[in-house]
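The structures considered in this document are given below.
Here chain A shows up in two complexes: once beside chain B, once beside chain C.
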Partner chain A sequence: MDATTYGWLILAFPLAGSMIIAFGWKLLPGRAAGWIGTAAIGLSFLVTLGALFQILGLPAEERQLTDSLYDYASAGGLDIQMNILVDPLSVFMCLVVSGISTMIHLYSISYVTSDRGFNRFFSYLNFFVFSMLLLVLAGNIVLLIVGWAFVGFASYALISFWYRRTTATEAGMKAFVINVVGDIGLVLAALFIFRELGTFDLLAIFEQAPEQFSTNEGVVVLIGILLLVGAFAKSAQVPFHTWLPDAMEGPTPVSALIHAATMVTAGVYLIGRFYPIFEIALTAADIAAIVGLVTLLIAATIALVVTDNKRIIAYSTMSQIGYMIMGVGIGAYSAAFFHLMTHAFFKALLFMTAGSVIGAMANRQNIDLMGGFRRSLPFTSALLIIGCLALAAFPGTSGFFSKDAILAFAEYRGGAYWVFAIGGYIGALMTAIYAFRIGFRIVAGPPCEVARDLEQGVHHHVEPQNPATGEAEDTDVGFPGEKHNIAEDNWPMKIAMSVLGIGALFSGYIQVPGVTDVLHTFLEGSFEDSKLYFEQPTDAAEWRGLATGALISLTGIAIAHHFFLRNRAAAARLQARLPGLHTFLANKWYFDEAIDLLIVRPTLAFGRWCDSTFERYVVEGLVSGAQGVAKGGNSAVRTAQSGYLRSYALLLFVGFAGLGLYFLIAGS
Partner chain B sequence: MIQVMLWLPLAAALLACLAPRRAAGWVAALGAAGTLGLAIALLAGFDSASAGIQHAVDEAWIPDLGVRYSLGVDGISIFLVLLTSVAWFAATTWSAIRMPERPKTYFLMLGIAQTATLGAFISQDLLLFVLFFDLMLIPFYFLFGSWGSDHPGREGEGAIRRSPATIKMVVYTLVGSLLMLAGAIATGVIAGDGTPVFSMAELRADPLGEDSQRWIFWFFAAAFLVKMPAFLVHGWMPDAYRVAPLAVLAVFAAVLSKVAAYGFLRVVLPIFPDATIQFQEVILVVALASILYGSVMAFTQTSARLVAGYSSVAQLGFITLGIFALRPDGADGAVLQMVNHGLVIVPLMLIMVILAERTGGDDITRMGGLALRAPVLAALFLVVTMALLAIPGSANFIGEFYILNGVFQEKIVFALIASIAMAMAAYYALRLFQHAMHNRKRDDVESKEIGWREGAIVGALVACIVGLALYPGIVLERSDESVKDTVSAVQEPSDEVAARR
Partner chain C sequence: MDMSWYLVLSALLFATGAVGVLIRRSPLVILLCLELMLNAGNLALITFSRTLGDEEGQVFALIVMVIAACEVVIGLGIIVAAYRRRIPLNVDELRALRG
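On to the complex of A and B.
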């Protein structure tokens, strides 16, 4: 089979799975939907492997293949095909997306087992994966936008999955609307591209762009910035990030999916995919790098103070995606995608362990309530520590190699790019601290009450509350299910977490400076014309970077050890000494409030003004004659009975006929 | 065949009057089904490579006055005919299930309305078009006035009573209609040499002088803009939408507004090309204002009917924007979007019937939690919502994309501003869905699944939406030639016109 045939199959399985579950929701017994969903994504992963081997069998310069299924919407001079692009980059993304997603599906079978919406959950989950795969495989920008928007839709559906919670439905809406703003960026970029180049086809765009545009020409920078709006909205970069922490309202596996595989990485992919544009639009590329840096620092500071376990991990995602966006912005493509992959392993793992802990805590998520789970949840604790090590870039783990590859490239580019390296290392220090803030708080220290009881084999069950508002959940109707699941009791969760744990520990070894270069070599086929891709720092420079990274990581862990394990009172003292800073960070830099003040309120106020004033006085009063007649009719009707209607209509008929007659006579 | 299709709804409606009371609805529904079948057959026999009028019927009607009974379809009208048939089939069947009071008159009116609407779409004679256009109003006047219901209105304001609301609508549209009638007659008389000429083809081949075009253009534009309705002349819409019976409102909102948009394409562009070019920007401004104003209003409303109503104002703004880009891609998008919008509004209105039954009204702040025991309803509503907000991947998105592309190439600022409305649409459409289906169920709300017959109707419409989403090219490819032909009228004015300048 062709690589493109595999490509279509990659899309077909998740879509089929989603539809089978959706239409068979009443017929499927027990947990069948979960297994169907998992199998669909698993098959998608297998055919991705097929595509991979097909591609590897081709000469390096012939590894970009397209195939069109049919004319999707072509008329009036526009040519929009239903076509896919199978090349090393899209195959790599498909491997990550389908591979990680399979594990998340497997985990979910246990995790949402008692939830009323079990089948709905898996149907959406499959659709989510399908959308992301469509996004990365799309062969033209319109289809890319379709995948892009479907991802937004699926995230909406899953974030507001527990739709009885007002907080969840509002979070879903927020995610969706911010994502639509990103969509508009992409749409306008597509329109500009079409005006300048006359095509929507990705390969044609990339071929023509260097010929048509001169370096840093206004329009190409504008195209770059519009693409970035899309990328920032989807990848939760400042100032479009506010939906991401709220998205924690979704069930934990959804968070894993959004953060590891199917959503926030899309922006990184987009910038990488459009490298021919960004290598001409240098200003846009710099903006990407700067925003990435700003995001990674802001998010890291917030992650240091928030107390909700899932939200800490969410801010860490924002921060890590910041590294990737910075990476593709400065031209460290293979390093950024390398980090995308390793991050997918350890971030999915972290969320899974969080889910298990939350299961033990009966849906409470505040880390201040947790502690000492190492004996009661030994398996979860071990994997949680593995995830934290990788996140903190502990020497030898996957995050260690990938994060430092980005920073080494920033150093290599020299000049002002040093800022990115230094900022990145500052971020890395904070990352190590907050990673082990979670790690030490949950695993080590004196066991909390829940942990003590669990050691005796008693699984706590409190009536679940909405973690955001404290509102009692209605488990009587299965929102969420009445069972709390921990990995220790469920083998599918254990398998999924083990696989990811292995990835989090060892996947870094595919790209060790001076030793292995698997990913960089493989992705070459997609970056053939890049000016920056083939520039690489020397092995010595990379190892120097790794040494620096190791030092910073260990320092951060040591700081965390001091504040969050050995001397817990010190953390509180520090907080008390800097109340202003703490409030500022705990309020997430007031981004929500600023957006509310600058955009939401003015728009609503304008809407209300239109409704109450403009509509009533201008629109109603405009055709005063019509108004007068209507009023006349009004009062007439009040006095007359419904028979009046008929006589009025008769009058209308007669009047009509008379008028017509008059004109006809006058005309002839 | 085209004649049978045109008169079948009326004939079925008359037959329904003779049928027993209980069967009246089903006779009418059968008529609507037959019409739909004929419309599909018409499409099957349609040659999409040709831009001209197909299935033409042309007979002298009032020879002395130059009025001809001239019918036919081209790539633009064929899909609007199909949309009309689909919408009426759905609404008639729905009504047959629900059984309104005084069913015979109800279905008679519905039948007259369908024949009038189909007539407007297939008329190739200007006066015939105007007559059908005006005839549409009468049955809807009765349907709104007699089968509508008073609306409680907003808090702090009085109730909206159906009779004044209906009369307001009639007065507004009648003013437009009469202007148009006058304009049509003036056109025919000025163009004719002794005997008036009303054939659209002849009028197009030999356009009026620029001065005449300039004032007659506004007579037609006024009628169409009121009917849509567009910004500033939409004053009749809020009241009429709140009192109308929903099944009737479904066809009204889905199809009648399209007759107006269609009128721009069929009448204004080809027959008044010079005036069209001259007033392009004026109409674009009106369209843009409709888009923004409709969107802003839609997200402040608490009445579900008005959310739909104002979103239609915005959508019709998009369609007008596409037409007045005066480019094939913009107009292609406009035609597609007419079909899309109709296909979305019909199920939306029908779902609102269900919502009203479960919650006792159309106030979205008093709804909530309906999804709990009604997953099928929720799923159908969700698809409709996504199409309403034109999510990429729906045909609605392709329509908007084509429209924006057309305007973008021609008048870039309009496209940039119009694109904001896409985000607003996301908000108001989702808000409607969420308020109705999600959050905790209120105690006075009943969460019950949609019945299987109603579900089948809405499901079939949703299937149309999905089908079109998978392959919007089915419309674009077939209408492209006719659209190009229509738009070419304003792109290259005839030599004669050029010479007269």
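On to the complex of A and C.
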């Protein structure tokens, strides 16, 4: 089989899994849906490996393959094929997406085992993975938009999975609305591309763009910015980020799947994929880099103060995606995708450990209530520390190599790009601090009550309640199940976490400066025409960067050790000394309030004005005007309808006589 | 033979029928006048058919007679029904269709 056949199979398995579970769930015994879902994604991963080996067998310059299933639409210069693009970048993305997703599916089998929506959950999960794979494999913008929108819908369905919780449904709607704003940007970008280049096909666009546009021409910058709107909304970048923390309302595996490992990376993929546009639209690329930097700093500061375990990880996701967006913005493509991969490993792992801890805490997520789980949850604690080490870029872990690759490239570009390197290092310091804020608070210190009971073998299952509002809930459909699960009791969770733990520790070694260069060499096939891709900082500069990174990471961990383990009172004192700053950060820089004030309220006010004024005077005026016209015309005609049979007959005769006369005169 | 005489007779019959329809108030008489008009038309059809040597006119005349018979059946049926229900047999008073 050739690589594109594998490409179609990558899409077929998750779709089939989703459909089988969705339509056949009544016939599936017990937990079969979970295993079918996991197997579907696992098979998808295997065929991705097949595609990978096929691609590797080809010469480097022939690694971009397209294949069309049929003509989707073809009329008047428009030619949309149902085609996929199998090239190193899409295969790489498929590997990350399907590989991580397989582990998350495996984990979910145990995690949602007592949930009444078990089958629905796996159907959604498979559909989500299918959408994401469609997005990365799409060979034209139209198909890409289809995948893009499917991902948005799937995230809505999964965030609102526990649909009897108002907090969850509201979070789902928020995610969906913000995603749609991004969709609009992407659709407009596609329209402008079609207007300028006359094609939707990705490879054709990339071929023609450098010939058609001059550097920083207005329209290409506009296209770039519209693409960025889509990317920012999907990747939760400022100011479209507010949905991501709220999306933590979904079940924890969902957070791991869509809000850490796959969905939010779609924006990074989009910018990387459209590199020919961004290398012409330099302003747009700079905007991407600046927004990435701003996001990574803002998110890191918020992660330092919020107390919800999952939300800390959510903000760290935002921050890490900020690094990636900055990376693709400044042209460090391979480094950004490298970070995307390592981040997928350690972030999925962190969410899984969070899920296990939340299971032990009976759905409570506040880290102030947690502590000292090292003896009661030894396995979870070990993997949590591994995840934190990778997140904090501890020397030797995967995050260490990937994050510094981006920052080293920023230094290499020099000039104003130093800002990105310095900002990135400041962010890295905060990353190390908040990573070990989670680590030390949960694992170390005196055991909390739950941890002490768990050491005695007593696992709490409290009355189900919404962790956000404290409302009591029943455990019927649409709420989490009554049983909480921890990794220590469930081997599928253990396997999934172990695999990701190994990835989080060792996946960085595929690309060590001066030693290995696997990913960079592999992705070359997709970035052949790039001006920036083949520029690389020297090994010495990269090692210097790595040394700086190591120093910063260790400093951050030491600070965290001081504040969150050895001297916990110091953290409280600091908070008491800077109450304004703490409130500002704890309220997430007031972004929600600002958006509410600037967009939501004016829109609502406009809507009310339409209802009270526009509707009453303009719309109703039009309606009653039309009514008046009809009434007037009607009363004019009514007088003819006298009801006198003889007058009708007379009209008939006169009419026919008139017609006859007309034809007589006209005929003679 | 000159066909104009027949046509003049046909036109006169038609005019008589038309005037009858317009000025009389009794539905029975109006129905009779309608028959007169139809037969005026038949006369013209047969005249043309004879002079031009085309049988289609004869056929049409036969069809018109059939239609006229049907119409008389329905019309007389309505008149008899109206009479039995003591509805006045005067078309000027039967104006329920006034707009």
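Throughout what follows, the second predicted complex is superposed on the first by the 615 of 668 C-alpha atoms of A that agree within 3 Å, B and C clash if a C-alpha of one lies under 4 Å from a C-alpha of the other, contacts with A are read in each partner's own complex, and residues count from 1 in each chain.
Operating definition for what follows: a residue touches a chain if its C-beta (ideal position, glycine included) is under 8 Å from a C-beta of that chain, and two chains touch if they have at least 3 such contacts.
All values reported here derive from a predicted model rather than from experimental measurement.
S.K.: Once chain A of both complexes is superposed, is A:G514 in touch with chain B (first), chain C (second), both, or neither?
M.R.: It touches nothing on chain B or chain C.
S.K.: Quick check for you: in the superposed arrangement, does A:P378 touch first (chain B), second (chain C), both or neither?
M.R.: In the superposition, A:P378 contacts neither chain B nor chain C.
S.K.: In the superposed model, which partner reaches more residues of chain A, chain B or chain C?
M.R.: After superposition, B is the partner touching more of chain A.
S.K.: Could you say whether A:P602 touches chain B, chain C, both of them, or neither, answering first, second, both or neither?
M.R.: In the superposition, A:P602 contacts neither chain B nor chain C.
S.K.: Does chain B (first) or chain C (second) touch A:S74, or do both, or does neither?
M.R.: Touch status of A:S74: first partner only.
S.K.: Is A:G218 touching the first partner chain B, the second partner chain C, both, or neither of them?
M.R.: After superposition on chain A, A:G218 lies in contact with neither partner.
S.K.: With both complexes overlaid on chain A, does A:V619 touch chain B (first), chain C (second), both or neither?
M.R.: The answer is first: A:V619 touches chain B but not chain C.
S.K.: For chain A, which residues lie in the overlap of the chain B contacts and the chain C contacts?
M.R.: In chain A, positions 637, 642, 644-645, 649, 653 sit in both the chain B and chain C interfaces.
S.K.: Spell out the part of chain B that touches chain A in their complex, as residue ranges.
M.R.: 64-65, 131, 134, 138, 141-142, 145-146, 161, 163-164, 167-168, 170-172, 174-175, 178, 181-182, 185, 188-189, 195-196, 232-236, 238, 293, 296-297, 299-301, 327-333, 369, 371-372, 375, 379, 382, 386, 389, 391-393, 397-398, 401-402, 404-406, 408-409, 415-416, 419-420, 422-423, 426-427, 430-431, 434, 437-440, 471-473, 476-477, 479-480, 483-484
S.K.: Taking the touch rule as given, give the residues of chain A at its contact with chain C in the complex, in rising order.
M.R.: Residue list for chain A touching chain C: 637-646, 649-650, 653.
S.K.: Going by the contact rule set out above, which residues of chain A touch chain B in the complex?
M.R.: Listed in rising order, the residues are 22, 25, 70-78, 80, 120, 142, 145-146, 148-150, 152-153, 156-157, 160, 163-166, 169, 172-173, 176-177, 180-181, 183-184, 187-188, 190-191, 194-195, 474, 477, 603-604, 606-608, 610-611, 615, 618-620, 622-623, 625-627, 629-631, 633-634, 637, 642, 644-645, 648-649, 652-653, 656, 659-660, 663-664, 666-668.
S.K.: Residue numbers of chain C touching chain A in their complex, please.
M.R.: Against chain A, the touching part of chain C is residues 18, 21-23, 25, 30, 91-92, 94-99.
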